[in-house]
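You will see chain A twice below: alongside chain B first, and alongside chain C after that.
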Partner chain A sequence: MKPIRIGILTVVSTAAFTGCLFREDRAAIGIREGVLHMGNGAEPQALDPHLVSGFTEHKILTSLFEGLATLDGTTLEPKPAAAESWTVSDDGKVYRFTIRENAKWSNGDPVTAHDYVYAWQRNLSPGLGSEYAYMLHCIWNAKVFNEGRLTDFGQVGARALDERTLEVTLENPTPYFPAMQIHFSFFPVHRANIERFGRIDERGTKWTQAGNMVSNGPFLLTKWWPNRIITVAKNPYYWDANAVRLKEINFYPIDNLQTEELTFRAGGLHVTDAVRKSRLPKFRATMPQYLRMHPFLGSYFYRFNCARAPFTDVRVRRAFAMSIDRELITKNLLHGAYEPTACFTPPNTAGYTCTASIPYDVAAAKRLLAEAGFPDGRGLPPVELLFNTSEEHKLIAEAVQQMWKKNLNASVTLVNQDWKVYLDALTNMDYYVARSSWIGDYYDPNSFLDCFLTGGGNNRTGFSDARYDELIGRAAKTPEQGERYRLFQEAERILLDQAPIAPIYLYRRVYLRVPELKGWDENLLGYVIYKNVYFETCGAK
Partner chain B sequence: MDAQPQPMLEAEKGSSLGQDAWRRLRQNRAAVGGGGVLIVMLFLCVITPWMAPYSYEAQNLELGSVAPRQAHWLGTDQLGRDLLTRILYGGRVSFMVGFAATAVSLLIGVTYGALAGFLGGRTDSVMMRVVDILYTLPFTILVIILMVYLGRNLVLLFLAIGAVEWLTMARIVRGQVMSLRKKEFIEAAVVLGYSRRRILFRHLIPNSLGPIIVYCTLTIPQVMLLEAFLSFLGLGVQAPMSSWGLLIKEGVETMEDFPWLVVFPSIVLSLTLFSLNFLGDGLRDALDPRAGKD
Partner chain C sequence: MLRFVLRRLLEFVPVFFIIVTLTFFLIRLAPGGPFAAERAVPEEVLKRLNEYYNLDAPLYVQYFDYLRDLAHGDLGPSFKKPTLTVSEWIALRFPVSLELGLYALGVALLIGLAAGFLAALRPNTATDHVPMSLAMAGICIPNFVLGPLLVLVFALWLEWFPVAGWDLQQDKVLPSITLGAAYAAYVARLSRAGMLEMLAQDFVRTARAKGVSETGVVLRHALWGGMQPVVTFLGPAAAGLLTGSFVVETIFQVPGLGREFIQAAFNRDYTMIMGTVLFYAGLILLFNLIVDIVQAWLDPRVRLS
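Up next, the complex of A and B:
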């Protein structure tokens, strides 16, 4: 007995020891075998495309499902996906999509026009309570159905003419309708799959579990261990399966940026979700080949509560907005991670670049404040600056607090709240100034500008301007792009003149990525088309 | 023969508990050192507003975070604020919170515990069950609720923390008092007809001082760290003001890049806590009435 035991011990320890010495790390094995390991920020709320709302979930769902259209990774022009082609009526209100003949679900069933109609009906069902149902409100009668005022989905503008033809009638001409198809709220679901586990409008059923889920994207769900890993593997039934080069993708919900960076550096990840801004100078100096930075369709800004003194006065709002030195914040505090901005919509959003701006001009700001009756800040009531708990928001808030004190002699208290409490405060307009951000839901300036319609759910500032509402409303009915953008220009000028917000910077995606990873698109939407992604190994052709 | 006046043997002079303690404390080098460090630290923190060349909130974004140099002895933070100045200002908050909250917990805890232990019987049972019930309340949530109710106010922060920190103190004191109550000297005091109050405050509490002081030196750091946690949640000290706990908490985030932001506040905090512990140790030995009068 004893010699055997010693023998085993020797073998095991030798194996373990040499194993440690020569073991390839996870990233190296992944590169050889075509298995992608990526950091994905947080555990997703769910994997049901109609019940999620975040970018974290978007990144996983894009690998599992496929909308009618996709986007070109560079130009962001719509391209055929599950639909091989589509036509638009002359008034821009009726789209007719033709589904690919060989489009298949991961269980081999064909993807049909009925699947899309079913999915959209599900997403719009009042009982489901989908947060993003409003994305579909551009479809004829979708809004009234969603609000429960219409119960017959047959009257909603989405109809399957036959197995392969889907006809969509819209409320207004919506030139960005095909581009919106990359959003998970438009993704199809498999009817039999949904109904095997619950009703059409039942939340949280087991259909999204690994082994249960049927999807139509390039990958299918094979493993979901909450808070540890989500694995998707190549879907053999996918219509374009030959083009899919990765064998597997592993998503890791690592929410601590420090942990994520260490995992990356230890060879555990190929791509990280983000990096800490304070690390940028170090990364630039020591590992520039890994550091990736590219613009992202999002704005970081401060909201003013237009219904609460002193911000009821547009001159006070402008004075506060004009005395933030955005350049200094982005360059020195955030180490160039983000781009300062003087307007709200990011430049070159589907070809639209705002020409109006809120300048950084302390002298003018002081004059405005004096005109409003607070010369040199005298008589200005104390103001609170609200932000959700985070080191980065706090750093920026402290800098802005000091700028307002120095430039306007305003006394500002910082208030930080937990995310949900903070959201409540925003929604109930229980704040003076609040930090905020907006990420475009689709690639069109409308995604930004319709936030500030009077009474809009995302307005949250009490801002209301009849002319602004009229311009955005007219733009929605205008099919011609040049004219639409002219209307948007005028609207954004009003927005910036009225200054319910103070723009600060534009987001960038900043993350680490191994150089062997190719086909990873760097576009404004952070939209990665996983089927194009592959590893380039040294020595390979 | 004229009788020479005999030098009278002087009667041994009585010395009070305080005098004894002071003498014994002075002989304890670690305690004296700890006390010295604390006094210097307190003095620096107190005079800071009149002495510091920088303001705790003056930023210099162009400068950013720099390592220690001549103009900034301990470097600057990410907003370009002088770290030395911020540590000294933070010390004012940390000391205030540490001492005030501990004092509150001492006051409530000792009185409550001593009464429970001394009265015994059913009163004791009821009083200790109340403590047990308070123990089961999630402590952090309790503080948060108190803060939300009473508003964002530094003084209220002291009270809130102190008011929930006294539970363990009460238990310790009760245990001590219960064991002492059966001792002969207390029985002697009872026989002599001393009032309950005199027995409690002249005999029982002074004889429990050891554990009380040791626990106090443990409470102060605990309270300082708790304050940092609450401040992070937005309930305690608000930016741009800071405290040691908060400085360390922020420093940890950028440890790899700006190590001085965590190293110096940590050194100062550790030094203070060490000093407090040494001093507490010394005080415990010095104040023990049972120690010999050598």
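Up next, the complex of A and C:
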């Protein structure tokens, strides 16, 4: 028998043997049965809301846990969740939350104010080493407790007045405090559940395993097979269970974008986590009904090392920032996936839109460079542009390298480093120019602008401006939103004038989604309220 | 035989010790620690985390502590995935890699041996040239190209197999073929060469002269000897199949240990890197030992000494 015939016979018989010639489409079954299959990027680090730090985990945890407040999916205004209402004192520093009478844990226990106090104590416990505990530092004395300088949690501004009343005293008026409650660092945990598996400040106990976890969200954990699937099923004890229309959600940790796309196209997913930008023209042409794009609360920018020549001179920083053609990068290189930006905070962040900008102006950039003593780039020392390994970062860096060469006659070398080596260089400020990005932690311009406070851990540019620090500090103590935003406007103007950064583009969530999936809000936070999600059952994919 | 095995096992101890020591210090020389993140981790938190995982102790203390724990079979907690310990992660992920590796090995042997022996029996004919050309292509095409190609044809166009996953039996077909293809190609070329060499031996000529049928010559006299090069190759190949499946595991979303190993290195998850390196080192040593034993069993000229 000829080898080709043997080959064909082998393949066909294998297929027949495994019984897969007539396979059903998982997505179609899901639509019929109310089971959502979604790609979730990487495998979560953990499912403990006080030990995780990423958007990957956030998407799963918001199905399992519920904070005191949620956000409206469209307007992003705070709305009651586990708390049915709240009041705030005139000085904006004391919040009083009333927990719903029918709020329950997935084991049927009532959710009480004590649960929130316990959860926040746990998250702030120094021993736990929670990377996101700083989100709670707006609470009175939380920071000193977290740093171990205060051991009595009773002196921290979170206390249960009774089973259903939680009083929170803040360091400063924080108008966005209710909006912060959607962040996993504020989620409650069930005390008995935690202590059944370990101490309050013990990392990595088994309480987050399927079958062990007690949660208070619209769904409960039923399966966690690492790197395979995480399944959550409708929680019958959830206070608003009648509103929950999905039976189950399956999260697939598919970290390869090509695999995720192919799985979607083969009917294995209803929603992908992301898509390859190079595929956008194809998607627009052949499957526009699946392609979803909407703004996301994140900025992509380049940092300048303000402590290293020639970037010690603000004119050089501005010249470099002003000679990046962002439009060209987003339109031609990234296929319109992102929005070019001339400022740092994404527009309409909780109603705030920056009015200052760093324009693309090559003539002005050349003038600035000449004023700094480098006419037509003469005498400009060679600089390095650092980025972490990624095709996209490389593409942008190569374009910027060419722009700086053409516009400023600057000699730029590209330096590609592995993620951790790159982070090390950034933290130790061992770079000239470095690609960077920032995703807002919460829905307020402060989440972006407090990055560049003098000596701040996320500053990493050496930028220091007393007026800027003062403005951000004053904004933190100002309860009135209009005045806060005026202070932020002035601060961002200083930031852009001083140019420790060169803004490039604003992120967008770009992914594939079946049209039958409804109630999936497209907001700046990428915040999906799973209890509102459902399938329109007329017609399958 | 027993003395040989015991001696080899004893030789493992210093090899292991060198691997532990080198890995331990090399990973700590790499810039960036396990807790470095885009969002700066506050100083106090970093201090607590370092205390929690004993990273604040002097390096030599950490090293001896690790050796002590290792002697008790404790590979420590994972820094980046704290839900399970390193041993638990390996216990969870290795069976998947093992299963994938065994299927791939099956694919490699089935296709490779059949193609190689057929080619050897009819040298310089189409039966020889076609499989050997395919084998060359198999060696040349990397699995990150072959995998998506197979997915495109068999998952998207023909819809015979799923794109990715590791739950159903049919999920396992494409990853196994992708991983096994390159090894099948090597096996084909090695078995062809081995068989041709055997068929040219004096004892084969004697057997033919005595009137033994061609089938008898091949099965009784040439087959075992012809497999010698394949067996020598199988030791490193089996270890390679089990440890080198990172790309295939990524393309097909297979929850195996290969991905854990690579991700641990990217994450600077020190204990996970140590655990997986030691585990793989043990596997490779073990496979080499098994190959030595099998070789002696196949060929009486090889002595275990």
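The working rule: the second predicted complex is superposed on the first by the 515 of 541 C-alpha atoms of A that agree within 3 Å, B and C clash if a C-alpha of one lies under 4 Å from a C-alpha of the other, contacts with A are read in each partner's own complex, and residues count from 1 in each chain.
Just so it is clear, a residue touches a chain if its C-beta (ideal position, glycine included) is under 8 Å from a C-beta of that chain, and two chains touch if they have at least 3 such contacts.
Computed from a prediction, not measured in an experiment: that's the story for all the values here.
Answer with first, second, both or neither: which of chain B and chain C does A:P281 touch in the superposed model?
Only chain B; A:P281 stays clear of chain C.
Please indicate which partner A:M322 is in contact with in the superposed arrangement: first for chain B, second for chain C, both, or neither.
neither
Please work out whether A:E391 is in contact with chain B alone, chain C alone, both, or neither, and reply first, second, both or neither.
first
Quick check for you: in the superposed arrangement, does A:W225 touch first (chain B), second (chain C), both or neither?
It touches chain C, and chain B stays clear.
Where does A:D418 make contact in the superposed view: on chain B (first), on chain C (second), on both, or on neither?
both
Quick one: classify A:I501 as touching chain B (first), chain C (second), both or neither.
neither
Just chain B (first), just chain C (second), both, or neither: which does A:V400 touch?
neither
Looking at chain A, does chain C or chain B touch more of its residues?
Looking at chain B versus chain C, the one contacting more residues of chain A is C.
For A:N332, using the defined touch cut-off, is the partner it touches chain B, chain C, both, or neither? Pick first, second, both or neither.
Touch partner of A:N332: chain B, not chain C.
What part of chain A is shared between its chain B contacts and its chain C contacts?
Residues common to the chain A contacts of chain C and of chain B are 258, 418, listed in rising order.
Within their complex, state which residues of chain A touch chain B.
These residues of chain A touch chain B: 258, 276, 278-279, 281-282, 325, 328-329, 332-333, 389, 391, 394-395, 397-399, 401-402, 413-418.
Enumerate the contact residues on chain C facing chain A in the complex.
Residues 30-33, 35-45, 48-49, 52, 77-78, 80-85, 89, 92-93, 114-115, 118, 127, 130-131, 134, 148, 151-152, 154-156, 159-170, 173, 250-253, 255, 259, 266-268.
Can you tell me which positions in chain B touch chain A when the two form their complex?
Residues of chain B touching chain A: 57-59, 61-62, 64-65, 78-79, 232-234, 238-240, 250, 253-254, 256-258.
Per the contact definition, I'd like the list of chain A residues that touch chain C in the complex.
Per the stated touch rule, the residues are 3-4, 6, 11, 14-15, 18-21, 23, 43, 45-48, 51, 53, 126-131, 133-134, 146-148, 203-204, 206, 208-209, 225-229, 252-256, 258-259, 262-263, 265-266, 268, 418-425, 427, 437, 456-458, 460.
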